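What follows are several structures.
Next, two complexes with chain A in common: one pairs it with chain B, the other with chain C.
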Partner chain A sequence: MHLLELRDVRAAYGNLEALHGISLFVDEGEIVSLIGANGAGKTTTLRTICNLMSPTTGAVLFDGRDTRGVEVHELVGHGMVMVPENRGVFARMSVYENLLMGAYQRNDKDGVRTDMDMVTGLFPRLGERMKQPAGLLSGGEQQMLAMGRALMTRPRLLLMDEPSMGLAPVLVDQIFEKVANISRQGTTILLVEQNARRALALANRAYVMETGRLTLEGSAADLANDPAVIEAYLGG
Partner chain B sequence: MPDRSRFPIDDKPGPVTAANPSRVATLVHRLALDRMSWVDVVLLLIRIGFISAVVIGSTRTFMEGRFSAAQWGTLIAAGVAQGSIYSLIALGYTLVYGILRLINFAHGDVFMFGAFCTVFLAIWTSQQGILERAPAITVLSWILFAALISMSIAVLVERLAYKPLRNKPRLVMLISAIGASFFLQYTARGFFSTAFRSYPTVPGLDGRLELGQIAVPHVQITVFAVALALMAGLYILVEKTRIGRAMRAVSENMETARLMGVNIERVIMFTFGIGGALAGAAGVINGLYKPQGVSFIMGFFPGVKAFTAAVLGGIGSVPGALIGGLLLGIFEALGPNLVLTGLGIPGSNQLKDVIAFLMLVLILIFRPQGIMGEAIKEEKA
Partner chain C sequence: MVVLPRPLAGRGLLLLQQAPNRRVGWMRVLAACLAGIAATGLFILFIDAVSIRHMFTHASPALVAYMTMGQEAPAAGLGLFAVAALAAGAVGAGLALMPAYWRNTIFMAVLLVVGMALLSELISQVLRQILNGRPDRLLFSQGALRPAVAAIAAAAVFAWRGLVPRIRLRVRDRLPQLEPERQRQVSLAVRGAGVLLLLVLPWLVGSYLSEVLANVGLYLLMALGLNIAVGLAGLFDLGYVTNFAVGAYLMGVLTNSGPQATGEFNFWLVLPVSILAAMFTGLLLALPVIRMRGDYLAIATMGFGEIIRLLALSDWLSPLIGGSQGILFIPKPNIGAFTFQTPQHLFYIILAASLVMLVVINRLDLSLTGRRWMAIRDDETVANAIGIDTTWIKTLAFTLSAASGGLAGAIFASKLGTIFPHSFSLLISMNVLCIIIVGGMGSIRGMVLGTLVLIGVPELLREFAEFRFLLYGILLMAVAIYRPGGLMPARARHYRTEPAPQPAGGTPATSSSAASG
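Let's turn to the complex of A and B:
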């Protein structure tokens, strides 16, 4: 059984269909990348997985169960969490409070403390800035905070929407290193990226998306050598 | 190609110096006057007119020495008491605005409903002699009762009048708010008739505390103390508790808060409930403070004024609501005597409300973000 499976999912903004039947799966322990150009429907796919949008037809299965009708806030309890596009940090709240928001549904104080140490171990910069408002962090630090906050939910599946967006190349390296790190600690990851080269270097498998459809899929290594992918996404 | 005909001397080369006056003139012209439309000119005149009226009025009042220092002190004390009632109501506006970006126009009537229902309890406790025996506890029970009533009304209004419209354009909810306001007013009128009813006099609150030359009525001190305690409680709730953190998170970014597992429906209900409870408590202390009593229409003016206070402080900001309420109370108490009397306007105390609403208009024109407010960012999808 797949941890996450989409079966012929269609989704629309009003009358405008954005996803024309997406089928994909993510297995426990994998890093799967979803790459594609701007406007291909990558973010819409993630939003549909999180139930921020409902599929018009088709089904999203998490851990074998259809998520239709499950409230967005309940998914965290099931073990799914998203690091949203543009990070979505709570700018006026401190770094510490942002991390606590990740632990919002948890009652195990000791576990939360352990995870807080784990997050500050993974992102030492956050540990140094616990009391600062998140809005004063740099873009890279905010991305780290958004990831740390998501980890505070103890997710089984981490969805990431464009973690490299707007970051300097050095920082992108750092972020991708952390993603690999998180994966090694046992969290399954579905990564949406425009930066195809890096996403393919990191992932086990990948899907290529174009205008609301998946056009290619396979192991990340194969896709990285696929002439069509090289032509379109890896800059020839 | 820019339209050069408007600036015929613009093409003259040369540095901007006193020796090159036409160049300076052009620059001044381009920087200031050319950018000003007629509206800007009118606004500037309003600003100048308003400031000079305040300055001239106050100086003349002081020159004439119409009021003693003690009288000013008394006025300020009354302003602070009235202002703290505004603050309590303003908090309800600001909390709800922070989360839903909605001006809850029914909030003044939530305040009225709590005060009105409780007046019957108050009269009963007075008739039974309970009030005489244990005044402090009885008044506390009034406050609690009013808070419960107003809390329930606020939550009901949210569930029935706003929740079904959550995904509609914001204007639709605003119109629904006005409808809810009338609904509450005329429900109260139907139940309780149009008569005014007064809160009974609480033993111990009818005296005055002499602070040097200033005599402050006990009731004003009580009003201020109760309001201060409630605001401190709210501050702790918002800043230090889990639900308070969730409220702040939802107000900053509703979608991310949901993704982190926050049940926003619960947070919204809680926010309306807290705002309602504060308004109910404000209703009781307002009843203690105002001998003319409560009526079905009493929510309107305090409602609009508390809204003014929230805007003055910066809507969406909790400290802003506190400061805005107190400032508005003080301005209202001082303004007529200080400014209007000096300008020779008769019956100035009856123009109190004019000052409050003039302030609302001026703030909205000149500083819409208020004192503590920041420019509101519309959340992106």
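Let's turn to the complex of A and C:
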């Protein structure tokens, strides 16, 4: 059984269909990348997975169960969490409070404290800035905070939407290193990225998306050598 | 004669402040004087030639004569007046060239004197309340401020400006040196003195001002409540009057001994019921609109405010709540044989309610729920996506926010003794929202200040009551431009409520440098 599976999912904004039947899966422990150009439907796919949008037809299965009708916040309780595009930190709250918001559904105080230590161990910068308002952090730090906040939910599946967007190349390196770290600690990751080279270097498997359809899939290494992918996404 | 050139002096000052370089200031002084002369001359010629008595009843021939200094020919008066305008312009410009400290001090002195003159009647009343005889005669003669008193008041401002910073410095130096135990005692003593002052206040200021304070308190209750929805959770609720009306009508229906008498229950019995009813209404109204955001929410809630007023007016409910006749004979609260009859008595009930709400809301503000509201305010979608049950948390905000409105309404009904549908207009919602915006969203101290400024001051300046909304408009614009966070923005306190856990990676968390914001 796959941890996450999409079966022929279609989704639409009003009358405009954005996903024309997506089928994909993510297995426990994997890093899977979803690459594609602007407007291909990558973010819509993620939004549909988290139930921020409902599929018009098809089904999203998390841990073997259909997620239709499950509230967005309930999915977090089931172990699926998203790191939103453009970070989406709570600007007027402190770093500490942002992290705390991630632990909203948890009652185990000790566990929360342990995870807080784990997050500050992974991102020492956050540990240094615990008391600062999140809005005053740099872009890279905000991305780390968004990731840390998501980890505070103790997810089984972490959905990441364009973590490299708007960051300097040095920071992109750092962020991808952190993603690899998180994966090594046992969290499954579905990574949506425009930066195909980086995404393919990191992932086990990947899907290529174009205008609402998946056009290619396979192991990341194979895709990185695929002439079509090189031509379209790797600037070859 | 002293009054008229004052705007001219102000104009000279304004022109000067805009001067990019203070060195060329004197040229600007000249320009300001000339501008003043030209404008005044034109104005005098204008009112001499055209009768403007239709528009301004005070523009009498006597005033024109006064302005032209009693000269028959306007031209002669113009000359004299020009000299005065010139001098005034020079004074104003001179002010601008002064160091800011002295300029501000002079402004404060002028403000105090003008304020005393404007509020002469009120000050006299208060004085007569406290002291025997006619102490007000010492300050005022024939309703006008005595020059000597004005001079003393101005001198007092100068002394105050000189002393206060020194006292503050000494306190600031001394306080941290005291032991923690002693510090706590000092802060307790200060708070105790504050509460004591509040307790004797109604008897110091008399019946009229107690009435004003009671109204301020009622609006403060509503502002504190609405602040939960608007300030903390970011939900723009324009129908807050709904809760106020529910509280008031429930109190009215259940306690009155008039035509709508039901059970003539006791005030204290009905008070919690009113609060619960308002909360229930808040919950009911939250259900349909909870998924709306921003402007849509504001419009929908505004509709509720109107619906409740129309319901109160309707024939359908009039057997129960009196329709446009309202509810009469609502008794004042009482404890045993003692009845809270006068504004001074009622002040205490409102004071107690305000203090309780202040404590409750302060706790909520610091709680985890308070932070969830703030998370929703900052980004609702993300809050939901990381696992916060936004629907429930928003419903909670609406419900708790309604409680304070119901409480205010219930006290309002009992205080007035009669309630009518027109007391529950959209304007109440607007006023409360204005308080929050002017005071500072999410800031409890801001609510207190905002209520005093927006409700208290207009009550005192009754003569200008028609211009109340003009004042609101000007204040809202000024706040939006110069202090977008409100007069007293929410403090950065939220950033330092919890100790930062030590990161496992070895880098110690910085504690002293981080607490900025």
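To be clear about the criterion, the second predicted complex is superposed on the first by the 236 of 236 C-alpha atoms of A that agree within 3 Å, B and C clash if a C-alpha of one lies under 4 Å from a C-alpha of the other, contacts with A are read in each partner's own complex, and residues count from 1 in each chain.
What we mean here is this: a contact is a pair of C-beta atoms (placed from the backbone, for glycine too) under 8 Å apart; a residue touches a chain by one contact, two chains touch by 3 or more.
Please read these numbers as outputs of a predicted model, since none were measured by experiment.
Trainee: Identify whether chain B and chain C fit side by side or clash on chain A in the overlaid structures.
Mentor: Clash - chain B and chain C, as placed by superposing on chain A, overlap.
Trainee: Let me test your reading of the model: by the given contact rule, A:Arg129 touches which partner, first (chain B), second (chain C), both or neither?
Mentor: A:Arg129 sits against chain C, while chain B stays out of touch.
Trainee: Which one hits more chain A residues, chain B or chain C?
Mentor: C
Trainee: One more residue to check, A:Pro84. First (chain B), second (chain C), both or neither?
Mentor: Both partners, chain B and chain C.
Trainee: For A:Gly121, is the partner it touches chain B (first), chain C (second), both, or none of the two (neither)?
Mentor: Touch status of A:Gly121: second partner only.
Trainee: Which holds for A:Met165: it touches chain B only (first), chain C only (second), both, or neither?
Mentor: neither
Trainee: Name the contact category of A:Ala201: first (chain B only), second (chain C only), both, or neither.
Mentor: neither
Trainee: Touching A:Ala221 in the superposition: chain B (first), chain C (second), both, neither?
Mentor: neither
Trainee: Contact-wise, after the overlay, does A:Leu234 reach chain B, chain C, both or neither (first, second, both, neither)?
Mentor: In the superposition, A:Leu234 touches no partner, neither chain B nor chain C.
Trainee: Just checking: does A:Ala59 make contact with chain B only, chain C only, both, or neither of them? Give me first, second, both or neither.
Mentor: Touch partners of A:Ala59: none, neither chain B nor chain C.
Trainee: With chain A superposed, which of the segments 97-105, 115-123 or 187-195 in chain C collides sterically with chain B?
Mentor: 115-123
Trainee: Show me the chain A residues, by the header's touch rule, that chain B contacts in one structure and chain C contacts in the other.
Mentor: Residues common to the chain A contacts of chain C and of chain B are 50, 52, 71-73, 76-77, 81-82, 84, 88-93, 97, 100-102, 104-105, 149, 153, listed in rising order.
Trainee: Which residues of chain A touch chain C in their complex?
Mentor: By the definition above, chain A touches chain C via 50, 52, 71-73, 76-77, 81-82, 84, 88-94, 96-97, 100-102, 104-105, 113, 116-118, 120-122, 124, 126-133, 136, 149-150, 153.
Trainee: What residues on chain A touch chain B, complex-wise?
Mentor: Chain A residues touching chain B: 50, 52, 71-77, 81-82, 84, 86, 88-93, 97, 100-102, 104-105, 149, 153.
Trainee: Tell me, which parts of chain C touch chain A in their complex?
Mentor: Contacts found on chain C: 368, 371-372, 374-375, 377-379, 381-391, 492, 494-496, 498, 500-507, 509-511, 514-517.
Trainee: Which bits of chain B are touching chain A when the two form their complex?
Mentor: So the residues of chain B touching chain A come out as 242, 245-246, 248-249, 252-253, 255-264, 380.
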